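Input: a single structure, listed below in structure tokens.
Going in written order, the chains are labelled A, B, C, D, E and F, and every chain counts its residues from 1.
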Amino acid sequence: MPYVNVKITREGGTTREQKAQVIKGISEVLRDVLGKPLSATFVVINEVELEDWGVGGLPVEDYRRQAGEKS
Amino acid sequence: MPYVNVKITREGGTTREQKAQVIKGISEVLRDVLGKPLSATFVVINEVELEDWGVGGLPVEDYRRQAGEKS
Amino acid sequence: MPYVNVKITREGGTTREQKAQVIKGISEVLRDVLGKPLSATFVVINEVELEDWGVGGLPVEDYRRQAGEKS
Amino acid sequence: MPYVNVKITREGGTTREQKAQVIKGISEVLRDVLGKPLSATFVVINEVELEDWGVGGLPVEDYRRQAGEKS
Amino acid sequence: MPYVNVKITREGGTTREQKAQVIKGISEVLRDVLGKPLSATFVVINEVELEDWGVGGLPVEDYRRQAGEKS
Amino acid sequence: MPYVNVKITREGGTTREQKAQVIKGISEVLRDVLGKPLSATFVVINEVELEDWGVGGLPVEDYRRQAGEKS
């Protein structure tokens, strides 16, 4: 009975179909590797607004802009 | 000073009154069983969109539809 | 299908029986208030070492000692 | 590569600039105290609706109102 | 830059190799479905003691024993 | 009343003193930026075993070894 929480940035909206594939894919990894039954595996996806996600000490948009300037 | 996180699917909207009862009920369980003071117990509720919750390798709506067809 | 995560400080060791009561109590609150079936409710308890839990800007043991001195 | 999750109540809306300062401040604490590189530190902020946050066995707004009456 | 948290019960000890496969499998699902770069994907596994995991209002071992008796 | 969860890899053991500094530093960031009272701020630190932390599709030790070979 695994519980998996997937946090991703909200970027133009992940489609319902993509979320279904993420749920299917992750559940099958746990079934195939650890023998966990699909019916007892919860997968919960959280889409996080860009301004709420920080990396490199910056909001992710600023981090990407800065990285873009350096490359 | 317990911290309790409750993740539930958003289904027609859980009312403010129901959330208050969940907060009260859970806090009192921790007080009565473990002696945790109510004033130092945090309870945070997250309502999750149905398309963001997977079980059985499927988004929960598809899982329920499939289960419905079998029964 | 709720998922509930309960974080508590590890203080002399919460017994298996107490944990069973917490699981039962919380699951029943969600059944009674929100109609969530027990069989689809996960409750996961995390016991956290005292030095890993901070409140008032201090590790909890120091916070309690300081609060004790003031009272 | 720390992962930090910050849950705060949504109260009049924390500004983007404040969130940027929280991301910066927390990332720098982990760099200065534990030597964790900023570029490998994730900080994710969750703003929680007031009705979804409980303390003292009550939704936080009721808790504050009650505390106000006592003081 | 996804962050994935995988909570599983500790049952005889998941091997390091199995954990590596879970990390690889989940990261690749997010790359293939959502285009997330592997290098920016964190996967954190938590093994939870059986007495700390509840389902059906019971600690998981009791739940399984009870389910075994019914089948 | 913020709740902050800090997940870091367990590498030689973060000292109690360092954890106290992390708790203090993070709590003060939330006080100074958002006006959150220290007494109502929880900070919980989780040290994660290296084999339980994945990045780049690999357990972090393998990822670092691979990165070392490339540099």
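Definition applied: a residue touches a chain if its C-beta (ideal position, glycine included) is under 8 Å from a C-beta of that chain, and two chains touch if they have at least 3 such contacts.
Not measured: the values here are computed from a predicted model.
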Query - Touching subunit A and also subunit F, the following chains - result: B, C, D, E
**Report entry** Interface sides of subunit B and subunit D: same vs different residues, half threshold
**Finding:** different
Report summary line: Ranking D-E and C-F by C-beta pairs in contact puts on top C-F
Requested in this report: Find the geometric centre of each of subunit C and subunit D from their Cα atoms only, then give the gap between the two centres in Å, rounded to an integer.
Outcome: 20
Query raised in the report: How big is the gap, in whole Å, between where the Cα atoms of subunit B centre and where those of subunit C centre?
Result: 15
Query raised in the report: Which subunit C residues sit where two or more other chains touch them?
Result: 1, 3, 7, 22, 26, 42, 44, 53, 55
Requested in this report: Check the chains against each other and report every pair that touches.
Outcome: A-B, A-C, A-D, A-E, B-C, B-D, B-F, C-E, C-F, D-E, D-F, E-F
Query raised in the report: In their shared complex, at which residues does subunit A touch subunit B?
Result: 16, 19-20, 22-24, 26-28, 31, 38-39, 41-47
Query - subunit E-facing residues of subunit A, complex - result: 1-9, 14, 18, 21-22, 25-26, 29-30, 32-34, 36, 53, 55, 60
Query - Parts of subunit E lying in touch with subunit D, wherever the complex brings them together - result: 1, 3, 42, 44
Query raised in the report: Within the complex, which stretch of subunit D touches subunit B?
Result: 7, 48, 51-59, 62
